[in-house]
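The structures considered in this document are given below.
After this come two complexes, each holding subunit A, first together with subunit B and then together with subunit C.
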Partner chain A sequence: MSGAPLVAVEDLRVTARRAGRTYPIVEDVSFKIEAGGLLALVGESGCGKSLTAAALLGLLPWGLAVDGGQIRLEGQNVLELTPTQWRRLRGRKVGAVFQNPLAALNPSLPIWKQVVESAELTFRLDRAAARARALELLELVGVPQAAQRLDDYPHQFSGGMRQRVAIALALACDPRLLVADEPTTALDLITQAEILRLLNRLRLERGLAVLFITHDLSLVAEYADQVMVMYAGRVVEQAEARRFFAGPRHPYSRALLGAIPRLATPEVRLTDIEGLPPSPFEYPPGCRFAPRCPRVIEPCRRELPPPAGDQRQRAFCHRPFAQEPG
Partner chain B sequence: MSEAAPRRWGFLPLLRWGEFGRRWRPEPLVAAGLAMFLALAAFAWLGPLFYTASPYAIHAHRLFLPPSLRHPLGTDDLGRSFLARMMYGGQPSLGVAIVGSVVAMLIGLGYGMTSGLSPPRLDKALMRLLDAILALPTLVLMIFFAAIVPLGPLSLILLLGLVSWPGLARIVRNEVLAYKERDYVLAARQYGAGTGYLARRHLLRAMFPIVVVNATFTVADLILTLAGLSFLGLGIQPPTPSWGGLLGNGSNLAITGSWWLILFPGVAILLAILSLNLVGQGLLNRLEGR
Partner chain C sequence: MWAMIVRRLSVSAISLVLLVTLVFFMIHATPGGPAYSILGSHASPQAVAVLNRQMGLDRPLPEQYLIWWEHLFEGRLGYSYIQHTAVSHLIGVYLERTLLLDLAALALAIAVALVVGLLQGYLADRIGGRIIGFLQIVFYAMPVFFTGILLIYGFSMRLDWLPPGGLGQGLASHARHLVLPVLTLALPIAAGFSRYFGHQAREEYRQDYVRTARARGLSEWRIATHHVLRNAVRPFITLVGMMIPALFVGGVLTESVFNYPGLGWLLWRSALDQDYPTLSAITLLIGVLTILGNLIADLLNSILDVRVRYE
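Coming up: the complex of A and B.
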């Protein structure tokens, strides 16, 4: 850890206003990503992982707002900026890759125009420079015969190629942070692996920080250097990837890992988690996982769990599993 | 700029609807409707080049002549050549409706996109206002305006445009709501594109198909409205011919047995509306069938 990390989020809080009251949707989310780091943000649908990303991207939907905490990009707290300043800066600092590569591209524009759209806006490129930049970006993300494909439209690309184009688009302004919100969910397994390898290469070669959002832990096991698990708007466990995969300490993380089929060890029963996550408008007091937790004890239902563990692995739990050597 | 010309027009979704881009086949309905409509337009604008009789010259010695070789569509109550009047009558009927629909389209597009891109509360207010406007019956509104504004092609264009945009505005607004959540629009917002830029660059072209379809139907609608107004004596003022006016005049003279004064303008209006509805429906099929 040297100096200020590239991305530092502290106590981020996103609230919704409904019938005159504010409800916290995401609370106390803190994390850091170094240049070249890859943080995997994992959780069920509706646990707040996409909203955390939306807050970073300035894309919170109407009615939701960041209500506290800090988002520091290269030391600067962007929440202190005016909306216009932040808007101007955003394209240069943060890039986004979305889930569905079909919807992420405008069907009625040739791809080269889309890839450099943000760069054109930000750096006022002329047409020739923009085309050159588009070619450079498409080659960077490994689109074969990029020069011949500049004028093609999105429907002329396969799903994996479209996602590569979408990644090129996100990189057009040389952002320092790439937020990838389930970028491989819509793709087949082999393409998933290719896209992951591409993201991994980009972060290692270019020092890009990556926030990788997924509900599939197995996907990131190989590449992530940190894992953060969210449940019902709160972080439940945060750890170095090696430690985490050696033995998660929070019962929820365990349950997530237990739900992954393994090829190497047959005859192990997959576990599931009973029930559904609570709605943000009726979070239980105490630990939010308590109603579904197999290890629940009395304090869980009353008090927010304190962090257990050290910097390298921290679980927010009253009764965490023991730390594994790792 | 070594770009080939087709690329510059690549955004025209009519010619390039997704996968249809590279192998565009004309939709049969669209082709048939378009051919019909162009034939009518040619009749109105090119016809007078070949059939040069004046639509205004009165001949007291040949009133109410039925169609014959000399007078292909007969003559009217003042002995004017009915073919010439039909040709010249098509110009305001079609022209005013087309330009009026363009006016309606521009207003509707502007209003709809503004509403769709506004914060939810303003959007709701704009839509309720639209409901109020939609609640006014078009024809009554037109009769009201026609009573206070001098009637001519220009004022009719503006009037028709001003009363027929709300439907399109609502459609556009709903499309904008759907499109502004698309990932590519979110991506543009993420890197800092402002609302105006999003509207111009991404949303406007997405509106193109639905607007073209709607404008087609609007033209048909306006032809009918205009004919109705002329029929009531509120549209194009005599002696300038228009199909609606001719039809109205003919029906007043029905007692003379001059069937051609009713049949031909009626058929012309029918064909114009039919052709446009065919085009619109064909485009709609293509749009939805994808």
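Coming up: the complex of A and C.
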């Protein structure tokens, strides 16, 4: 390793065009993930998690665009690439799995064909090599009796198995980074834990970097080594996982943690917080959490909060909680 | 799969029997009986009596019904007293021309629909997709007479590139004569097909597996041809099977606009001449082709999709 992080995002800004005006939807998002690292990106619905991931993949929906910042994959700023060059990196450097495993697979193709499709095209495998690779991938993600299941269709698999197959699809060309956008939200608790263990094993064994998006902090508490909390399109806190779980400093982070009984700190609970996150087309000036914040003070409504803390734990807040020793 | 095919075949067989029976009763229900419809309403009673005996029309109805079937199996479709030939011979000649026109138009419409539909599905609500949607409505609503005359005016009269109608001699000339009728017939069908298929394609483009495919770095071409097409084409095949009768109807109009002597033209003529044996034979034929079209579409579907259960 050259010491440079596998992926480095700096001041990412995603904007939407509506009625001739541009609205920022995601702003000032910066993070780094090392090989083998697992960054958990958390926040309520609509805070911009998926758009951050989509920007990283170069798959923003039509009408949205990256409007500033840098996305470096192994040192290369992908925003400078042509669409075709960037497409060639997808699958090879970055893979992705999404929320709904039931729909992520093409219903009318046997899974082995889907699993190796990208590898087949990239490395020009013949049929025998492709089947062998498919088997290898299915075994890697823990599909039992994989050899007998190569010719099965997606509907013959359970939800959890389909998510494993979807992970195999994403890994076909050996990407260095896996973007997992709420991959377990549609699954039951036991299956959620299994999928997480699988991702954890992959990063430990193969040095796969993982961007894990979720709105359930308890799910990632065990595995994440970094946590990034977003609210209304902005990062409100990012920290090493150990520090974060010892004591989040942003009131919103506390509220998120408070929703988990086992990790609750008594001060704030999400259920105590009135209201909903603002729409991207009507963000308030100053801190976006201010209208709902129980600790709001006068400058919160006027000025964007500066970062408080150090490299290891940073909260964007005018009145953060004190840092816990940890 | 085999059970399904057997079941599907028996449905077609039952439809066929119903069709043949229906046409039989249609003939017998004409005022004055079949003899009048065959000879014309001004026939003399003697001629009617002769014909009735000759054709066995004086026998009881169930017996006639059996004879009707027997004749069908032997390919005897009756005699046209107006054209003075056996109906089977007449139909043979005209059917070939019609099949050429209709199948060429069908193939063109399907090809256009697949390309335009995939593009439309990909573009969705973007400006290009909306323009395609608008054009589909315009072309779909354009009557065959209007399109035909417009094309004749443009390509035959103004530009003098193509013949305005009729039948050519020899292959090259025949092909040249077919261009405008095929275009005329294909245009509204292509518009309807592509609208339907475009809608299917658009639904497929919304599916997560398309996003998964993009996230794996597959090209849009690959996604369109190997993923979207495969899923969107199945309901489309059913539609194509169902549209076969409409194709014939469009063909009838097209043939009359271009003075193209095909089955539609024959149908038109025999309706004017009250040539009932020919009319009923054409009715039978169109019915049979419709049943066949639907059968082929369904069988094709079941081959494409192993999971389809016939229910």
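In the analysis below, the second predicted complex is superposed on the first by the 313 of 326 C-alpha atoms of A that agree within 3 Å, B and C clash if a C-alpha of one lies under 4 Å from a C-alpha of the other, contacts with A are read in each partner's own complex, and residues count from 1 in each chain.
In this section, a residue touches a chain if its C-beta (ideal position, glycine included) is under 8 Å from a C-beta of that chain, and two chains touch if they have at least 3 such contacts.
Quick caveat, the model's predicted, so the values are computed rather than measured.
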Q | Three-chain arrangement built on subunit A, subunit B and subunit C clash or fit | A | clash
(Q) Just checking: does A:A96 make contact with subunit B only, subunit C only, both, or neither of them? Give me first, second, both or neither. (A) both
Q.
One more residue to check, A:D151. First (subunit B), second (subunit C), both or neither?
A. first
Q: Mind working out whether A:S118 is in touch with subunit B, subunit C, both or neither, as first, second, both or neither?
A: both
(Q) With both complexes overlaid on chain A, does A:L198 touch subunit B (first), subunit C (second), both or neither? (A) neither
Q: Return first, second, both or neither, reflecting whether A:V78 touches subunit B, subunit C, both chains, or no partner chain.
A: neither
Q: Tell me which partner A:L208 touches in the superposition: subunit B (first), subunit C (second), both or neither.
A: neither
Q) Considering each complex separately, which residues of subunit A are in contact with subunit B in the first and with subunit C in the second? A) 57, 59, 62, 87-91, 94-96, 98, 100, 103-109, 117-118, 121-122, 153, 155, 166, 169-170, 172-173
Q | Contacting residues of subunit A [partner subunit B, same complex] | A | 57-59, 62, 87-91, 94-96, 98-100, 103-110, 114, 117-118, 121-122, 127, 151, 153, 155, 166, 169-170, 172-173
Q. Which part of subunit C faces subunit A closely enough to touch in the complex?
A. 124, 126, 207-209, 211-219, 222, 226-227, 230-231, 304-307
Q. Touching subunit C in the complex: which residues of subunit A?
A. 57, 59, 62, 87-92, 94-96, 98, 100, 103-109, 117-118, 121-122, 153, 155, 166, 169-170, 172-173, 179
Q) Where on subunit B does subunit A make contact in their complex? A) 1, 3, 7, 10-11, 13, 16, 18-19, 21, 119-120, 182-184, 186-194, 197, 201-202, 205-206, 208
